[in-house]
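Two complexes follow with chain A in common, the first pairing it with chain B and the second with chain C.
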Partner chain A sequence: MYDVIVMGAGLAGLMAAAAAAELNKKVLVVAKGRGNLYSASGYIDFLGYYPTDCRQPLENVVEALEDMVNDNPQHPYALLGKEKVDQAFDFFLKIMNRAGYSYSGSWKKNRIYPTAAGALAPTSLVPQRSCLDLASYQEILVVGFREMLDFYPFYAADNLREQFYQQGEKKLIRAAWLDLGLSKERELNSYDLAVALEDEAVRFRLAEQLRVKVSENTLVILPAVLGIRKWARVQGDLERMLACTFLEIPTLPPSVTGMRLAESLMEYLEQRGVEFQLGYPVTGALQEGKKCTGIKIETASGRVQVKRAQSYVLATGGILGGGLKVKPGGITEEIFQIKIEMLQEMSNQDFFAPQGQPLSRTGIRVNGLLQPVGAQGEPLLTNVFAAGKNLTGYDPFVEKSGNGVALVSGCAAGWLAGKGAL
Partner chain B sequence: MKQYEKRLDYCLKCSTCHTQCPVLENFLDFPGPKHLGPELERLRMAQGHKIQLTIDGKLAYCTNCKRCDLACPHGVKPSVFNMHNRARIGLPLQEKVRDWVLAHNGWWGGIASHMPALSNLALHNPLTRIFLDAIGLARRDLPSYDKRKLKIGKHFSSQKKAVYFLGCYARYNEVAIAQSVINIFEALGYQLEIAPLGCCGTPLFSNGFLNEARELAEKNSRVLLDYIEKGYKVISSCPSCTLTLKEEYRDLFALPEGEKLARGVYDVCELLVEEEVSLKGATDPYGSAYYHVPCHLKAQGMGTPAAELLGQGVVQELTVSDGYCCGMAGTYGFKKEKYELSKAIGSPVFQGIMDKDYQLVLTDCGTCKLQIEQNTGRKVLHPVQVMEKLIVGT
Partner chain C sequence: MGDNYDVVIIGGGATGTGIVRDLAMRGLSCLLVEKEDLATGTSGRFHGLLHSGARYAVRDPHSAQECVQENRILKEIAANCLEDTGGYFIALKEDDPEYIRVWLEACRQVGVATEEISPSELLKQEPVLHKDVTKAYLVPDAAVDGFTLAAANALSAEKLGAKVKNYTRVVGFKREGQRITGVFLRNAITGQEWEVNCRLVINAAGAWAGQIGELAGVNLNIIPDKGVLIVFNHRITGKVLNRLRPPGDGDIFVPHGSVTIFGTTSRATHDPQDNQATREDVLQLLAEGRKMIPDLEEMRLIRAFAGVRPLYQASDQEGTGRQATRDFSLLDHEKLDGLNGFISVVGGKLTTYRLMAQAASDLAAQKLGNDKPCLTHLEPLANLGIERDKDKKHLCQCEMISKGMLEKAVKGKEQFSLSDIRRLTRLGMGPCQGTFCTYRAAGFYHELKNLTAQEGNKLLKEHVQERWKGARPVLWGGQAQEIEINRGIYLSLLNLDRLDSGDYV
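Then we have the complex of A and B:
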């Protein structure tokens, strides 16, 4: 018997587990597999663009949040309110610090960071080690690795130069290919390189090749490959050897920056006594009236294991994450058989329309306590709290709010579940 | 299209499995589960599985730990593709001979346990060691053969029936584990029988002898289903045996009655938890224990029943470690060219054990036990050996 069972191991699920564990609750996390953090940037975007047809990243986030509360009361931020947002972000910064992988920034201010294609994109929180002011570097070197897929330094450098130029900033931006001689029989990805660079000899080779290309004032931008677990050591060593500054850019999956966030958080939670059961999905729930009394997991034997808790957090994701199933005639959340409200128009002919695709907003309707509600606003379940992309009312793709909503709603769901709210 | 092939299209190539592969982390030339599995399978299927891809040779380095299967956010099981294709790769003759010897450990065990003293003498004979070295076996401790006979109590009839699938390790190498299981289940009032069967087939298919393993699976399945129909539960103390009986017979071999068999198979501690056996109020608890969760136990998705039981008060400070593979992977760590890799994979486990002065070191799997004992110098017990006196009494 647990106090709280969290379904889902993405950012929303892990934050819910952290919040409940903070209240000294006995927590179990159950998920089909590892969450999508391994494919994500590891940056926390709170709100990049609002209204979403605005071309420029949002400057005054606090004001935009107030507008949002008025315009879109179903938005998870509007449902939870500014105070919960503040608490959740403070809590995240606090536990990541305890987990040994600190973050910095604030939801109130967007910072601009380069993407792997060299675009400049808004975000709110970044790992402490990546926290620097791009404007203060006049000289940038973008570095790629010959043996590594999917990162093209000259392409990224061209785009960066263009973007800075448009902002009226003239910087010296160069690009270079390095070859660490690692690719023996296959193409490598960022994870492979990050593993390789934990080896001192490989680090030394990197430093030797870079030495002639950098000075003290150079900002070296490279794909996120500076170590998986010993990242502090890898980056520290290189900065000592070369006396320049490094900025890692999140890459295509597998994303080393996303993985570091996922694994530091999971390791921290395990130390706090949170249990994990990953690999087999929750296939259904037991219900008595409006109370969930247990969840069902079909294990390798095909027998169903029932796990019970006082309250439950549903953070299994949206359509992409597999939490919502699209079938001819409707969309359902399959654990609790919650029917998702269908919109008149589910798609927009203009795929990249700035107002987004209506389908990305589909999800479970909840009240301010994150309990799933029916058409009249009545709670369908009283001890189940939904979080993350399970929720309706927001479009993470055009708003750039995915991890922000996961973090805020995840924390709130974990607190509510932990307190056994109402 | 076969059942396992249907999952192929769920692979988004996100590479989450790639980041969880213990082989890849220690051996960069290994292409990893995603590439060898779902990614290349599309190519192989397009060619009707007729052309041998050269990269497939690397499949011999897969330990079949199944961490990739558990990692996948979309329900794909790369290990199933890998085990199918493992059987198709061509290896040098010497490796083939060596793998045949290792794959038939049950057969050797059958002979050796009839004359354990002689076998153990032969195993440790320098000439034998030279021979084993020549065919590609690592210079490491080999498990000794155990000559003790199992003692089964008086036969009685009960509503609760179980048939015990011993597995090679408990049958030939460490009878004490099997004896503890027997004592526990008899004390709980089970009508217990020993399954008249040998190996489950894991060493066969993980060394590429898929067809032979299939024949064995069919035979084992027939016998065990007979028991299940008579109301018996199938139990085993070996995680690889239970995983194979539950999952591989159904998914890898697609046996028609695989599902029915799977539903009747229990890990011993899984059944003890289901029986609501209480180990509370242990008068003389152990101070601390390190429990290494074998990959094949973790892969069954049932949590860690042994830890649930031990955590009731048998051990005051229980460290449950399921983050790392010990690297042994059954017969893998006995192979000369994989020996160092196997130790590198397991090093976080060994370090974890040696960092602290644990009173007990525990694991359910026989070969995990060999690997940990050899690399830490610590004696390792099966959890049932600790629980026995609490359930049975003295």
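Then we have the complex of A and C:
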């Protein structure tokens, strides 16, 4: 018997487990697969654009959050309120520090970082090692690797130059390809390269090729490939050898930055006594009235195992993470068989429409306690708290809030579940 | 003033490109104009079946006979553009056994080779099929790629001196009394207009042929008929699969590269440009398809699209939709309407494009006093030269496309979109539908072609948008999840929605 069972090991699930563990609860995390952190960037975007049709990054985030309570009360941030947001962010910064992979920044202020296409994009928290102010660099070198097809330095550099120019900033931005001679046989992704760069000899080769191109004022922007576990060593070595600054940016999945976040967090949670059962799906639940009394886990042998707790966190990632299934006839949350209101039209003709896509906004409706609710707002379950991409009311992709909502709602769900399990 | 040609051909589908090759081989000087890219009309929005003739044997024996002949010829001259899969016709319990007898006899009459195979043997080879198959026959169906077919015909013609201009629309005709003497053209991208002179114009504009007729002042009764097709993320069967019953909706599966195309429907439309598939069409097709493949609804759909059949009705008495003839018509407007220098070739099927081209070219040659015979059935089409190379670093992993292939595909192109490249190489056509390779290809071409940042962004966004159009009617199951990943990459990771690129829709 556990105090809290968390379903899902994405950022929402991991934060829920951390929050409940912080209350000294006995916690089990069950997940069928890795969360989306392995694809998404390791940056935490709280709210980049609001209302979503604005083109410029949000300046006053606190004010936007207040507006949101009025214009979009179903938004997870609006449901939870500013205080919970504050607490969740403080908590995240604190535990990541303890986990040895510190973050910096604040949800109240957007920082501007380049993307792999060279767009300047708002984000809130970045790993400490990537914390810098672009404005203070006059000279930027964007670097790609010949063996990797997931990053194009000249394209990114052109867009960056254009973006800075529009803001009236003139910088010297150059691009270069490096060839580490790693693989002629197949293309490498960022994970392969990150593993390779943990080898000192490969790192040395990189430094040799870069040496002639950089000075100590250069900011080197490159895809996030500077080591997985030995990240501190890899970047530290390079900066020592070349005396310039490195900024890793996330590119196509798999995501090395997200992986570092997920793995440090999981390691930390294990140390705190959180148990993990990974690789198996939760296939159903036992219920007495509105109370969940157990969940069914399908094990490798095909046997069904029942696990019980006082409270449960449902952080199975929505359509993206596999927690919600879309069929021609309707959308259902598969563990508790929660029916999701089917939208008339699931899509806008314009993929990039500023109002977002109904498909991305679809999810479970919850109340301020994160309990799933029915059409009249009545709770469907009293000891189950939903979080992350499972929730409706926001399109993380246009407003740039995916990890932010996962973090805040995950934390809140963990606290609520933990407290409910007194 | 303007340039002078013997013949101007309107339409860069299979028919038009077939004609320009045929006439170029006869030594005539030709210009082909296409308002978009080659095979963006029906020749790129079709089922991809090189008919054996079996489907039409009962109701349209003449048409079936043409298919038999052309099927054999194309397997010789266009081997690079098709995959000789072979095909099955299968009858289910509910299908009329009497029809099987009639069909077999009709196939024999028109010369379609059929070979019976036992249901148990069939199920061994294609285990996904319904257990209630009562009869099954092998026929020489094949899968054909309309994009590379049109491109290879065009290239063959260009090698003989013909001019092929895409993104060039015919906006009017030059006339002297009752004679067409040239065309007015407009560049679809820059808007620039010019004119060329010619001795003869051939209207091969498919479902748009009626509109071209109108521009020339003649009446052409084209009934555009829309058909919807859906694409699954894998090869469901190794061979083409047909239902052995009178032709209807949702009864053919065609394996294509790494995917399967299933369809189709038949519905009259008013607009030849009407190529949007709807969710309802898709559900209707799935309901039919399930009868042949019971697990169909569990399989991953990746997109839906539609094409418009150029059905031609000489008089109002003839049938429409599936009843209309699949035969083609060659119209000599000098005889029909007293207008000189203008002929139209309409209707038909992609399978018989070469024959249509031959008929149109014979008439054109005769009118222009050229007595060279048609040789198109004897000589293989030009090689596009973008076959797979040894490079194992694949920019598009689904379809295994290297940088070298992309480089060859863009050679000589001044204006291009990733869709144009996709048609030549299958870039982004596989299971992930461009989720990964669109960004890669845009980054690659940005550098290769010295594009500006904006042009690179446009290339990227336009293609993401195009793939989205196909995914919208099938937003469920794995595809709904894939689209979420797609949005994660293009909006969250890259912030493309806030990056300027002019118009991309």
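Heads up, the rule we're going with is that the second predicted complex is superposed on the first by the 417 of 422 C-alpha atoms of A that agree within 3 Å, B and C clash if a C-alpha of one lies under 4 Å from a C-alpha of the other, contacts with A are read in each partner's own complex, and residues count from 1 in each chain.
Everything that follows uses one rule, which is that a residue touches a chain if its C-beta (ideal position, glycine included) is under 8 Å from a C-beta of that chain, and two chains touch if they have at least 3 such contacts.
All values derive from a computational prediction rather than experimental measurement.
On the superposed chain A, the positions of chain B and chain C stay apart, so the two partners fit side by side. After overlaying the two complexes on the shared chain, residue contacts for A:Gly33 are found with chain B alone; chain C is out of touch. Ranking chain B and chain C by residues of chain A touched puts C first. Once the two complexes are overlaid on the shared chain, A:Ile319 sits against chain C while remaining clear of chain B. When the two complexes are overlaid on their common chain A, residue A:Gly302 makes contact with chain B while staying clear of chain C. Once chain A of one complex is fitted onto chain A of the other, the partner contacts of A:Ala196 are limited to chain B, with no touch recorded for chain C. In the superposition on chain A, A:Glu248 makes contact with neither chain B nor chain C.
In the superposed model, A:Glu185 makes contact with both chain B and chain C. In the superposed model, A:Pro281 lies in contact with chain B only, and not with chain C. Judged by the touch definition given at the top, the superposed model places A:Ser347 against chain C, while chain B stays out of reach.
After the two structures are overlaid on chain A, the closest C-alpha atoms of chain B and chain C sit 5 Å apart.
Taken together, the two complexes place residues 36, 39, 185-186, 253, 322 of chain A in contact with chain B and also with chain C.
Across the complex, chain A is touched by residues 13-16, 18-20, 24-25, 28-29, 31, 35, 55, 58, 69-75, 243, 246-247, 250, 259, 262-263, 265-266, 298-303 of chain B.
Within the complex formed with chain B, the residues of chain A that make contact are 32-36, 38-39, 182, 184-186, 188-189, 191-192, 195-196, 253-254, 259, 275, 277-281, 297, 299-303, 305, 321-322. The residues of chain C lying in touch with chain A in their complex are 279, 282-283, 286, 297, 392-395, 436, 439-440, 442-444, 446-447, 452-454, 456-457, 460-461, 464-465, 468-469, 472, 475-477, 480-481, 483-485, 487-500, 504-505. Partner chain C is touched in their complex by these residues of chain A: 36, 39-41, 45, 49, 55, 115-121, 147, 149-152, 154-156, 158-159, 161-162, 185-187, 250-253, 318-320, 322, 325-328, 346-347, 349-352, 354, 357, 359-360, 396-398, 400, 402.
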